[in-house]
Amino acid sequence: MNSNPIKIGLEIHMQLDTGKLFCRCGNEAEKESISTFVRKLSLVSGEMGTTDRAAYYEKERDREFHYNVSDNSCLVEIDEDPPHEINQDALLTAVRVARAFGSNVFDHLCVMRKIVVDGSNTSGFQRTSLVATGGSVATSSGTVRVSTICLEEDSARRISEDGRKAVFGLDRLGIPLLEIATEPDIRDADHAVETARMISFIVASAGHFKRSAEAIRQDVNISLGFGRVEIKGVSKLSLIGDGIRSEIGRQTSLAQAVSVLNSRNPGKAYDIKLIECSEIFRNTKSKVILGEASSGKIAFCSLLKGMDGLLKKGEFRLGREIADLVKLFGVKGLLHSDELPGYGIEKDELEKIRALLKPGEGDAFMIVMTQPDLIHVLSKEIQNRLSKIADLDFSETRSVSEDGATHFLRPMPGGERMYPETDIPLIGLVPVFQNAEAMGPLEDMRSLVDRLARQYGISRQDSEVLVNEFKSGSFLELNSIIGDPRLTARVLLQTIPELERTSGAIAYKDLVSTFRLAKEKGLKRESVEAMLAMCSHGASFDEVKKSPIIYPLSEEELKQILSRLDPGMSQSQIIARIRKETGRPINAQVLSRLLDRLKDQEKKSGDGSA
Amino acid sequence: MKEKASFGDKVRLSYNGAEIEGTFISHESGIITVKLKNGYNVALSDDRAEYLSVTRVKRLSEDRNGEREISGGVILLATGGTIASRVDYATGAVKPHYDISSLLGEADIREKLGTKVIDNILSENVTPEKWILMAEHTKKELDKGNHVIILHGTDTMTYSASALSFMFEKQSRSIIFTGSQRSPDRPSSDAFENIRSAITFSSLNVGEVSICMHDSRSDLSERLIRATRSRKMHTSRRDAIRDIDGGGLAGIRNGKVSILGEFRPAADETVLSAKLDNRVALVYFYPGMESGILSRIAEKKKALVVMGTGLGHVSEAIISEIRGIARDGVHVVMTSQCLQGNVNLNIYSTGRKLKDAGVISAGDILPEVAFTKAMYVLANHGENFGETMMKSLRGEISARLLN
Amino acid sequence: MKEKASFGDKVRLSYNGAEIEGTFISHESGIITVKLKNGYNVALSDDRAEYLSVTRVKRLSEDRNGEREISGGVILLATGGTIASRVDYATGAVKPHYDISSLLGEADIREKLGTKVIDNILSENVTPEKWILMAEHTKKELDKGNHVIILHGTDTMTYSASALSFMFEKQSRSIIFTGSQRSPDRPSSDAFENIRSAITFSSLNVGEVSICMHDSRSDLSERLIRATRSRKMHTSRRDAIRDIDGGGLAGIRNGKVSILGEFRPAADETVLSAKLDNRVALVYFYPGMESGILSRIAEKKKALVVMGTGLGHVSEAIISEIRGIARDGVHVVMTSQCLQGNVNLNIYSTGRKLKDAGVISAGDILPEVAFTKAMYVLANHGENFGETMMKSLRGEISARLLN
Amino acid sequence: MNSNPIKIGLEIHMQLDTGKLFCRCGNEAEKESISTFVRKLSLVSGEMGTTDRAAYYEKERDREFHYNVSDNSCLVEIDEDPPHEINQDALLTAVRVARAFGSNVFDHLCVMRKIVVDGSNTSGFQRTSLVATGGSVATSSGTVRVSTICLEEDSARRISEDGRKAVFGLDRLGIPLLEIATEPDIRDADHAVETARMISFIVASAGHFKRSAEAIRQDVNISLGFGRVEIKGVSKLSLIGDGIRSEIGRQTSLAQAVSVLNSRNPGKAYDIKLIECSEIFRNTKSKVILGEASSGKIAFCSLLKGMDGLLKKGEFRLGREIADLVKLFGVKGLLHSDELPGYGIEKDELEKIRALLKPGEGDAFMIVMTQPDLIHVLSKEIQNRLSKIADLDFSETRSVSEDGATHFLRPMPGGERMYPETDIPLIGLVPVFQNAEAMGPLEDMRSLVDRLARQYGISRQDSEVLVNEFKSGSFLELNSIIGDPRLTARVLLQTIPELERTSGAIAYKDLVSTFRLAKEKGLKRESVEAMLAMCSHGASFDEVKKSPIIYPLSEEELKQILSRLDPGMSQSQIIARIRKETGRPINAQVLSRLLDRLKDQEKKSGDGSA
C-alpha cells in the first residue's frame, strides 16, 4: 500500500549552560518557587493577519496558567520586562557549531516570536532566531544535510496539569537552546539514532553543554507519504529508534484501515452526533461509567459509520486515534463497539444503544463520558480528525511514551505562527564571527577521546564513553574542581548511572556542590559516593552537607568499634561489618594503621600474658 | 535595486551563493528582510543579495478599524498607545496602528459596545490641545448616553486623564481610561482583561475620570483608580499604574467588583470647560541647581510646577530667583519629588522663605496632576489661581493622609 | 524699642492694659514673643506693648558640640539636616543647629564613638562641592581606621550618598548615612534609633556607601540600603527612604541583624577620587514640552539626565532637539519618571529614534543616581562616558530586575 | 497643725465636637483599630536647655508604646505628618467662650508643645496654646477668677498597660480640648462643684460640646500649705467634692505623721537599702509572696527608720504613700511591719527579717516583691518620696478613684516642659474676632432654659435638667433629626441614664444613628428604646439595625398572638403579655384597632349564636 520511501528528519535541541538567553539569570535554580502568579493567554492575529491553527487549538481549551517564580528568573521570564541583550556566549557557541556543520551563517539575527499558547511561555511565544542554513553531518550511512540551525529560548517546565489549570516553573524558561534540524535524509531508525549522536557531539564539543535530564530533547519528523508527523520531545537516544519503528507500524495499519473504511463509506461522511444516553446506564454496573459519572460526567453515544472492526481488531486501532484526541479534553471514558460487550456493560444496555443509534451493516458506535458543555467542541474535533485520517492525511504532532508508542498531541502547527520579536533590534553577527575565528574550529570526536585519555590518564574506553555520552564537558568541569580524573570518571560513568537507575536523578548543581565540598574538606571517594547517594534519594544538598554519614569515621570512632569486634575477623570482613553497622565511609589507611597497631598490641599482650 | 518588491510579495534571491525564497517584508538601511516559508525572518545585506524573481501579491485592504456608533451603551475611544500597537516594519519596533475590533475578538461583549478611533499617537506625543480634543469627543459620547472608555498609552495616562478630570466639572456617565503594558499582538497582553474590566467598571456610574489597569502581575484583578491620584510607577509591569494614597475606587477579581473608596456619583448633566492654558512647565529641582535656569524655563510661562525635595524645598540659592519669578506674575507651585506625603512649607526655614516668596503648595497633590491642574486653573480660574490650586477640585488633594 | 531685651532676659510688659511677665524670646516683624512662667509663649503686637522692666540674664555658653576624636572606632560626621535641627527663633521654624552629644545622651555607647561637625546645612542646600568635602573628611576618618556615619538631611540623602558612593572606588570601612524625619527636639524623634542601628550596621563592614533609616513607622526596625538604590519616597514618614528594587542590604529588628542582600565587603585600602564635574542638569519631561527649553537648560552643561515617560520616552517634537544637543557634545542620559523598572529604548519607535539620536540609557538606574553618576563619570571617565554610564559601578544598575 | 487657708483651683477640660484640632479627622471612630504600630519616646533638652523632671520620671520607666490606629485618625496622629491648619470652628468657639468670661484674648496664638512622655501623645508632646488670660465667673460664694483659657489637643486613649508595654487608641488623640483654669479662689468642695458647673455651662452654650463619657475632665488644684497637689482627670462633678474632702483628710494626717517621724529622726536620714531576702521565704506559706514569686519576682526588704506605727495605724497611712509609688513600677507585693505578722507571713520569718535589718526602737521595715533589675531605681524613688514628705512638701500629681480616694500619679511637672510647636506658624486671631463679633454673645443659662421650654414645648423642669447636665446641645441636635422634642428629652433624661445605670454606656454616635433610623423608618418610642437598650448591652449598631426586635409587631403578627389569648384580658394585660412573650415594640394604635375589631366580631358571633 505504501509505495513512498520513508523520510526521516531530526531536530536536536540542546541546552547551553551559558546562563539565560535574554536576561542575566543563570541556568540553575536554588529555589524553585519564591512566588507565584497567574496568567491567561489570548490569541491575536499573526504577522500576516491570519491566526495559526495549532495556536487556536490550544486556546480552545481556555485555561489558566500558574507560574512558580524560581530564583533564577527575573521580570523577563515573568513577561514584565522586555528582553535584555542577547547572551554573547550562547551566540558564539551557536556560530561555532554552525561553522562545524559547514552551514551558512547569516550576518544578522532576526529574533522571532513563535506563538505557543499552551502556557509553556509566559509571553505566549517562544523567542527563536535562525542562525544558519545548510551544512551537513557525515554518518556511516551517508551524508545527512542540515537544514537550519536556530538559537531559541527553552520553555517553562510543566509541573502539573489539572483540567483548565496548568502549573509551570520558570527555572527552565529562557535557557538557550540550540536547535539543529536536518533534512529528511535519514533512512531508518538506526540511522536516526546515529545521526542524533553525531549532531549532539558537535554541539557538546563547543563546550557549553552539560548532560542533565532536560538538557537534550529531540524531535523526529517522519513521513511515509501520508503527511509529516512530528514526534516531539524525545529525551533519550534509544527512544528515537523505538518511536520511529512504532510510528511506521501505526501509519501502515492506519492506512489499511482507511482503505477498508473508504470502501464502506464512499461519500466519506463522518458525521459525529453525540447523543445523551445517560438514561440507558441509570442502573449500569459498568465501573468505567460509574466512576466517571461520580465526577459529574454524563454518557453520550455516537454512530461511527463504516468503522465496525476497524476500531480495535487485528492490526486496526482506529479507536485509539479517537481516544487519544478526546483525552486532551479530559475524557477518560471512551468505549466503542469493537470492545463491547465488555467493561461491565450489559447486553441489554447495548441493545438500547443500538436502538437509539440504529447502526447499519459495518457501522460501529462509541460511548463517551464527558461534561455536557464540551459536547459541541468534542463532536467537531472527532469529526475533523476522522475526516483527515480518511483523507490519508496523518500529519500531526505526536509524543512518545517510554514504551516507544506514540500518541496524538495536537495538529501540526501552520507556518504562520511566527512574527518578529519587536523588542529586540537586528543583532549583527560580524563581531561574533571574529571571536569564533579566534577560537578556531571545534575539536572532533576522535581527537577529544585521545586528548582526554592522554591528558587525564583515564582509560581510553572511559574516555570514549564520556565523549559518546556527552559527558566530556561535565568531566572537565568536575575534574577542574577536584583534580582527580579517575574519581571524576568513575562518578560520571559508574556511580551516577547506577544511582539514577536504582533511586533517583541527581541535579548537576548538586554534583558540583558535592565535588566542591569534597575538595574543601578533603573527602575521599566513599564520602563523595555517600553524598551522591543522599542526593539521589531526594535529600537537599543542605541536608547532605550536615549529615554525619558523609564524613568518614574518625580514628577514635574506629577504635571504639574495633574494640567490640571479634579480633579474628579479616580486614575485609571488618570493613563490611563496620559499613553495615554505621553506613559511614571508612578511611582505609587509618583502618589499616589501627589494625596493625592492634595486632602489635595483641602480640605484646600475648607476650605479657605468657 | 530600490523598491524592487513591496510588502507581501513572494521573492527569490541569491545571497552569498545560496538561494533564499520567501515573502518580502522590507528593504531599509541596506537590509532586505524576507520571511522564509518556515516563518523565520532573515535579514540580508543588500550588497550581497540579488533578486532572482519577484511575484506580486495583492494584499487585502487592512481597513478593519470596525468603527461602530452606539448610544446608551459603552463606547471605546481609541487614541493610540501600546494597546493600539502593532509591529512597525519601518523601524522594526512597535508603533500605534489601530484595529479596535481585534481587541474585542475574544470577549463576547460586542453587542453593547461602540468603537471610534479619535487619534493614533504614542502617548508621549500627547499635548494639551489633544486633551481638549479628547474631552470634546468624550462630551459628545456622554451626551449620547454612553459610558466612555478611552484607550490610551500608559506613559502619560495620568496626565491626560487628570486633564480631562479637571475639564469635566460634571459628568453624566463614566469616563474610564485604560491601556496595556504589553501590546495586544502578543498572547500575554493585558489589553483584553483591562478592557473587559473597564466595561464592567463603567456600570458603577462613577462620576469621576478614572483609570482601569491591572492590579497585580496576574491576570486576575483590575483596579479602578481616581485619575488625579494615579501615577505610573514602573516602566514595564502590568500593574505599573498605581493609586497613590487614597486613589483606589473599586477593584475587580474574577469578575467580582468591590468598592474600595468613596467616589462622586455620576451627575444629571455633563459640564465641560474645554479650556487649558498650556503655559505651564514642570521642573525638577536638583542639588546644585544654578540660579538662572529657572528663569530661563519660566520665560513666556504663566505657571511653574516645581518638584522640590522632601516637604517641598529648593536650595537657598534659588529662593530669591523664585521670588523674582513670582513677582513677575508667574505662579510657582511646589510639589515633592517624594511623590507621597504632603508638601508643607511651615516646617523648615527654607519652606517658610519659599512661602514668603509667594510659592503655592497644595498638600499631597502629585506633580503631574499639579501640572495639568495649573493649565485648567489658569484658563478657568486665573484670577483665583493660588486659592483654587490649594482647593481639592477632583479629589487631587487628600484632606486626610492615611499613608 | 528695638532690641530692648535679648533672648533669655526676664521682662515685664504692659499689654492691652494687662501686665505680662516672663522670659524674652524674640522681637521680630512687629511681634514680641515672651515665654510666660507657665511655659506658654505669647505673641504681642509691639505697637500695643510697653516694657515695664527688663532684667538681664546671663546665658550659659551653648558651646556643647562635644566633638571628640577617635581612631579604630565609629565616628559620627555631622553635616546638618533634621537630625541636627532645633528651633529657629528668627523664623519660628526648624533650622540646623548642632549638638551631637545630645543625640547620644540616651545611648550607652559613647565610649566607642567619636563625633565631628563638618558642616551645618539643610540638605537641600548641598552641592557637588560639599560632596567633595564630605568625601575628603570621610577619607581622613577611614584612614584612621574609623567606620564613618554621616548625619545628613533626608531630603537629598540619596544624592549625597550616591555621589560619595561613586567617588569612593574602594573603601576600607563602612560609610553609612543616617538622619531623621522627626527632629531630635521631640521625644518621638527617629534620630536615636537610626543612629543606634547605624552604629550596629557599621560592624558588618559593608564596603559600600549605604543609608540606615527606619524600615516602618514603628520604632522597631531599621534597614541598611545601598546608596545607589535608595530614594526618598514620602515627604514625612519615618520610613521615607526606601530601597528601590534590590537595594536592601541588611535589616535590624529589636537589635537582631539580618542580611537581606549581597554587598561588597570592605576593601583593604581606601581609594577616593574626589572629583566631580558639576555641569550636569536633571530634567523632567512633560507632555507638550516645547522645543527650545532643553537647549536652554543644556547651555554650558556637559550632560543632561532626562526623566522621560515609561520606558524612557519624550515627545517626537523634542527628539530632534535632543539630537542637536547630543551632536553639540552634551551627553544625554535617559531615565524614567516611573522610577521602577528598566529604561529600554528598543521597544517603541520613539525609543529607537532616541537611541539613534545618541541618547544613553542605563537599565533601572534611578534619575537622581544617574545625575550624580554623570558628575563622577564626566570628571573621571569622560572619554568613555556612555560606556561607563551603562556599566554598573556601585550596584546602581540591576543586572536582574526582580520587581 | 495646718494653719494655712485651703486654696482650691480648677482646670476644666471640655472636648469640642468640631472635628480634630490639627487635621481633618472627625471626633468619632467607626473602627478603632485598623492597624497598629509601636514607638519609643526619648527625652531631649527643652527650650531652655534643661530637662523636665516629670518627663524624666516617665521616661525612667523605659517603655514601649503600642498604638491602635482608628479610622478617625491620619498621619498627623501617627506623628508621620506635621500638623495641618488649625480647626477654625474650634478656634472660634474658644474665642467666644473667652469673651463670655470677660477674658483678655491674645491677638495671636503661639502653639506650644507640652512634653508628655507617658505615651499618651505619639509625638511625645501635647499641642496647646494660650488663648486668653483673666476674666471671671460669678458663683453663689463670690467671684472666681479665670487665670487662663487654652485650646489644646486631647491625648490618646489608654487601653491597657502591662509592665513596659502600654496600649493606646488614636481615636481621641487630637480632639480639641478647651481648658479653663481658675485662680485658687475656691473655698471648699461644694464651691468647687458649683464653679465647675458654671464654667462647663458657658463652654457648652457655645454649641460645640456634646456630653459623653470622656467629653469632660476636670483637674483640681488644692493646697493646704504643703505645696500644690493636682488631682488629675476627674470626670464627674460629684467626684470633685469627694476628692477634695479625702485629699484634705490625707494631707492633714500625713502632716501629723511627719511631725512624729521628724521627732524620731532628727537627721531626716531616710536611707532605703533594699536587701534580697528571698532565702528567708523559701518555704513561706504567704500567698502574696508565693503569687509574686511565681511570676519571677524576688523578695527584698528594707529598714524604714522611725516609721513604726506611722505606716498604718490609726489615722496614719505612710505605708500607702510608699505602696502607691512602687505600684507604678509594677510592684504589687509590698508588706510593712505595721501589718505584720499577717498575709500568711510567719513569726519565724519575721524574726529572720529583723535579724537581717536590725530595726531599732520606733523603726519599721518593709518587704517588696520585685524584679531585681528595678532595685536601684526603686530604692532611689522611695527615698526621694519619703524625704520630700518629711520636708512637708506634698506637691505632686494624683488621681482619684470612684470612692473619692486619691492616689499618687507622678511628681508635679516643672514649668519648663513647654517649647514652641515649630511646625505651626503664629496664628492671627483678628479674623476670628470678626466672626465671633458677628455671632454675638453666648446665651446665658436662664435664657437657654426659657427658650428650650418655650420653643420646644417641653417642661421647664426638663429644660432645666438638660441645661444643667450640659445636654442642651445633644437635645438640639437629636431633635433636629427626629423632630420630636418630648421623645428627645425623655431619651436624654430618662431612658439613657437608666440604661447606663443598669447595663452600659451608650456612644453618642449610636444615639445619633438610632434617631436617624427611627426617623427613616418611622419608628416610635418603643423601638427607639429597644435600640438603645441593645446598644447599652454592647451590641454594635449594625447588629441593632438588623435585629427584628427593634421593629414593632406587624398587624398580622399581633392578630396571630391575639387569637391565642384569653379574650377576657384587659388591654394593658394584653400588652404586658405580648411584651413578655415577644420582647418587641407594640404599636398601640394598631393593637387598639384590632381589639375593637375582635370585640365587634365577638359581638357578631355572639349575635349569630343567639
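In order of appearance the chains are A, B, C and D, and numbering begins at 1 in each one.
As a convention for this text, a residue touches a chain if its C-beta (ideal position, glycine included) is under 8 Å from a C-beta of that chain, and two chains touch if they have at least 3 such contacts.
Fair warning: this is a prediction, and the values are worked out from it, not measured in the lab.
Shared contact partners of chain B and chain D comprise C. Here the spacing of chain A and chain D, counted between their Cα centres, is 75 Å.
If you average the Cα atoms of chain A and of chain B, the two centres end up 45 Å apart.
Annotation: 32 Å between the Cα-based centres of chain B and chain C.
With centres taken as mean Cα positions, chain C sits 55 Å from chain A.
Within chain D, residues 75, 81-82, 422-423, 425 each touch two or more of the remaining chains. Each of residues 88, 92-94, 236-237, 311, 341-342, 344, 346-347, 352 in chain C touches at least two other chains.
Because contacts link the chains in a way that matches no line, ring, star or complete pattern, their graph is best described as other.
Residues 311, 341-342, 344, 346-347, 352, 399-403 of chain B touch chain D in their complex. Across the complex, chain B meets chain A through its residues 8, 16-18, 23, 31, 33, 35-45, 60, 62, 87-88, 92-94, 102, 105-106, 181-189, 192-193, 216-220, 236-238. Residues of chain B that touch chain C in their complex: 85, 88, 90-95, 122-129, 153-156, 159-160, 232-237, 240, 278, 281-289, 293, 296-297, 299, 307-317, 336-344, 346-353, 364, 367-368, 371. On the side of chain D, the complex with chain B involves touching residues 23-25, 74-76, 81-82, 84, 422-425. Those residues of chain A lying in contact with chain B across their complex are 37-45, 47-49, 55, 75, 78-82, 104, 106-110, 112-115, 117, 122-125, 128-130, 133-134, 148, 150, 415-420, 422, 425-426.
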